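Read through the structures below before going on.
There are two complexes below, and they share subunit A, which is joined by subunit B in the first and by subunit C in the second.
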Partner chain A sequence: MTSFLQFNNLSLAFSGKKIIAGLSGRFISGKLNLVVGRAGSGKSSLLLAIAGFHKECQGEILDDQGRFTAAGNISLAFQNPESLFFNPTVGDEIEFALRMRALPENEITDRSRDWLAKWGLPPEVYYSKHPLELSGGEKRRVALAACSVFLPRVIMLDEPLAGLDFKGQRSLADMLAVIASDHVVIVVTHEPEIFLTDDTNILLLSEANGTWFSGSEFLRRSLEHEDFYPLPAWYRQAVGPFIKHAALPAVNASSVADFLQKVR
Partner chain B sequence: MLTGYQPGTGLLYRLNPLVKGFSALVLILFFSLNRFGAMQMSGALAGVLLIALISRLPVVDIILSIKRIAFLLLIVALVQGFRGNGFEWLFAAEGIVRILGVFLVAGFYLATSPQAELMHFWEVVFRPLKFFRLPARELALVMVIAVRFLPVMLSEIDRIRMAQIARGAKIGTGGWLSSAASLMPLMIPTISQALIRAEELAEAMEARGYRVSAERTRYHQFGFALQDVFAAVGAAGVFIATVLSFF
Partner chain C sequence: MILLDRVSYRYNEKQETSFKLKEVSFSCRKGLINGVIGANGSGKSTIARLIAGLIQPRSGSVTVDGLAAFNNGAGARFLAGIIFQTPENQIVGTTVAEDIAFGLENLGVPRPEMRQRVYNIAEKFELNDMLDVPVHCLSGGQKQMLCVASVMVMEPSWLIFDEPTSHLDPWTRKIFWKKIRGLVAAEKTGVLVVSQLPDDMAHFEQIFAFESGELVFSGSKNELKEKAEQLPWFNLPEAWRLEKLLGTKK
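Right, the complex of A and B next:
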């Protein structure tokens, strides 16, 4: 098991131009790790660097056992789900990672079908379909299922919410919260509020620098400075008066209602 | 390998496509067949690199990309090295220079020739086939598409490799043998993706009105200039030198 992924002075460049300079800090298991920042701030490049795909990379990436080895230990769901597909059926896509681990044939099929069903895609309907025939949201679910079925030590998702309806987004957040309890789960997103709880670990990338926040710190900063991160108006109105409170609620109605009951 | 067009305005870009195409063919013939030694061929290779530098091509990047064919160079060096009695470094070097010459000339030609120029050249090359009632233009088009699809295929292989590693595959983490074996799972998806792309391309061409054997006019007109005369004379010189090397 990997309990953390540590960066020591990590710098990334793209065609010679620095996009992240001297990043230090760590992603941890037990909490969901979010990477946020404007477009072009280096969020996706950071995931590619962890996966070993980004070559203009200096500094160290360590885990519990020393220098981190990506091969066989990571999964990365790309921003565009289509770029992950190379098999003729959804079933083959899901089974690929298990097959690479030489699991028994019946276990591969059973696990793959169960896992696909967990992502809201009934295997009797989807298992034999071509991945490119699916709708945008279905492609996204297949890509996420294919990337997480073997539960590697580090699971990375780049913009996983795109194309998912609200129910799908909610169930993704719930599944990731469970997986994150004993895996390092890193999510790059422009919509952090659906994942945010007071103990979420957040890395904000801006102008080549990285700043680490807890969920509460991020929410507090967003309430203090509207242009830091635009929280929904109803949340600002409801929680704004209690900005000094140690643990701020997640950005959903039930958490805010519970919070208000407690503090009033 | 450099297989895509790199926009530019240097010397090689300004050559007439026929002169450039035939010069490239002559140079490829030279590096493939001549009976000169490694030293003379290295001199010719330096000349090719100099012309590429003058044409402001990214020579350093191209030289670095040679590592993609390092395995091929190693095998050629081994086979050529044992050509005589025991292993001879000079023979090995000769084999490497031949492969590098072909690789770089083809790369520079493709990097400095847009689609229209490639089409024009291959149409002229295939024109004699019309006497045998063969579709010369279509054959030229097939040739150009095949060449232009090489970078697409390479990026497709890279994409599938990344998609497999992104799902926990351990590709290229072992030695030479395991790296070669790990290429096998890439083959079937790459071929199937290539067929899908070919079908998409055919549909896209038909959707834009392309019809086989239809009469066509030419939008690009290519003239001859002084540099074309020099290039043609140089290519003729190389051709004669290649033939003379056999005697």
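Right, the complex of A and C next:
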């Protein structure tokens, strides 16, 4: 089992231009790892570098066993993963990765059906549907289920929330939290607030530098300087006056209401 | 004004499970931000495509400024331009200037006028220093702005945005909404935004909500707020939930 992914002085360039310079630090299992930053700050390139697809890359990536080998150990869901569907049914789409790993046929179907159900899509309804006749949110869930069914050691998702409705976003966040308990799960996102808890591990990329924060440090910095990270206006308004408090609430109404009751 | 009169639509008539839009009627006007909300699969994007004239209603009529949205005839005024969720899907030029000029070339605009219009719109969207930049070198936010510029240059009467902010970082989202406010205030171009992000909804002034192909609410944001409790399909934005929680706990 991989419990961390460590960078030592990692630098990435794009057509000769440096996009990440000397990044050190680690993603860990047991909690969600988020990568945030402005468009063009190198978030997706970092995922590609971990996957071994980004060639302009210097420095080291290590795991528990030494130098990290991406082949067979990662799953990378690109933005809009549903655009990569190539099978005639949802079931075939999910089974593909297991079939490539030569699992026994009955195990392939059992595991795929169970996995699809875990993503909130009952196999009796969805298994034999054509992937393209699903709604946007259902397609996204099928795509992410297909990318992760073989449970590789490192699971990376690039903007998995984009285009999902509130319910879809919530269930995806819950699902990822479960997988993260024993896998290294890395999520690139513009909506970190949905995933944020006290101990979320956040990497903020900005002007070629990477800075690591815990969830609560990140919230505090965002409240101190709006331009550091623009959190939703209602959260800034409600929690802003109590910035000095040790534990800031998560970005959802119930946590904030409980927090305000305690501090007022 | 955009007017939908008993509009229905179905992607695949032969298949029972195919999405169906059921007799929808509503209208929206310029001068305010019109928003279409609903869960995945509710029919939001179908509405956007019908208004932009990309698909033809099975029954009923869709008109923009009194003219039929679908097949309104060559040389007619450009009624409603649509900006899709993923900018890459609609960038066709190899450079910024080429992409902006593409629509004008299709409309047969003479070269000197084309050059002037490309420059003017690029200036408005802060792309004038980038006219010769290859489109693949732009950031996500810049690509989004390019798509808006490339549609705006054709001077459509309405702009339809399908999930415009879902690929933007939060800094660029703020800039996007500032530009939309400016556009709406000028009252020349109508704006309809399809989105399910609660942060976007905070900007909407007139809201149309869809569920399973049906229009289930239309009204102002305050009206929606008042009725929200009785609308089982509606997920309260966190800001409203907080107000409610604090209200009951006081």
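A few comments on the model shown:
As a working rule, the second predicted complex is superposed on the first by the 255 of 264 C-alpha atoms of A that agree within 3 Å, B and C clash if a C-alpha of one lies under 4 Å from a C-alpha of the other, contacts with A are read in each partner's own complex, and residues count from 1 in each chain.
Basically, a residue touches a chain if its C-beta (ideal position, glycine included) is under 8 Å from a C-beta of that chain, and two chains touch if they have at least 3 such contacts.
Computed from a predicted structure; not experimentally measured.
Touch criterion met: A:Phe53 reaches subunit B, while subunit C stays clear of it. Of the two partner chains placed by the overlay, only subunit C lies in contact with A:Leu260; subunit B stays clear of it.
Judged by the touch definition given at the top, the superposed model places A:Pro88 against subunit B, while subunit C stays out of reach.
A count of residues in subunit A touched by subunit B and by subunit C gives the higher number to C.
Judged by the touch definition given at the top, the superposed model places A:Pro241 against neither subunit B nor subunit C.
In the superposition on chain A, no subunit A position is in contact with subunit B in one complex as well as with subunit C in the other. The touching residues of subunit B, when paired with subunit A in their complex, are 159-160, 162-171, 173, 189, 192-193.
Taken in their complex, subunit C has these residues touching subunit A: 15, 17-19, 38-41, 45, 85-86, 139-142, 163, 166-174, 196, 198-199, 202, 235, 238-239, 241-242, 244-246, 249. Against subunit B, the residues of subunit A that register as touching in their complex are 51-53, 70-78, 83-88, 96-97, 100-101, 146-147, 150, 152. Interface residues of subunit A facing subunit C in the complex, by the touch rule stated above, are 37-40, 79-80, 129, 133, 135-138, 159, 162-168, 190, 227, 229-235, 238, 251-254, 256-257, 260-261.
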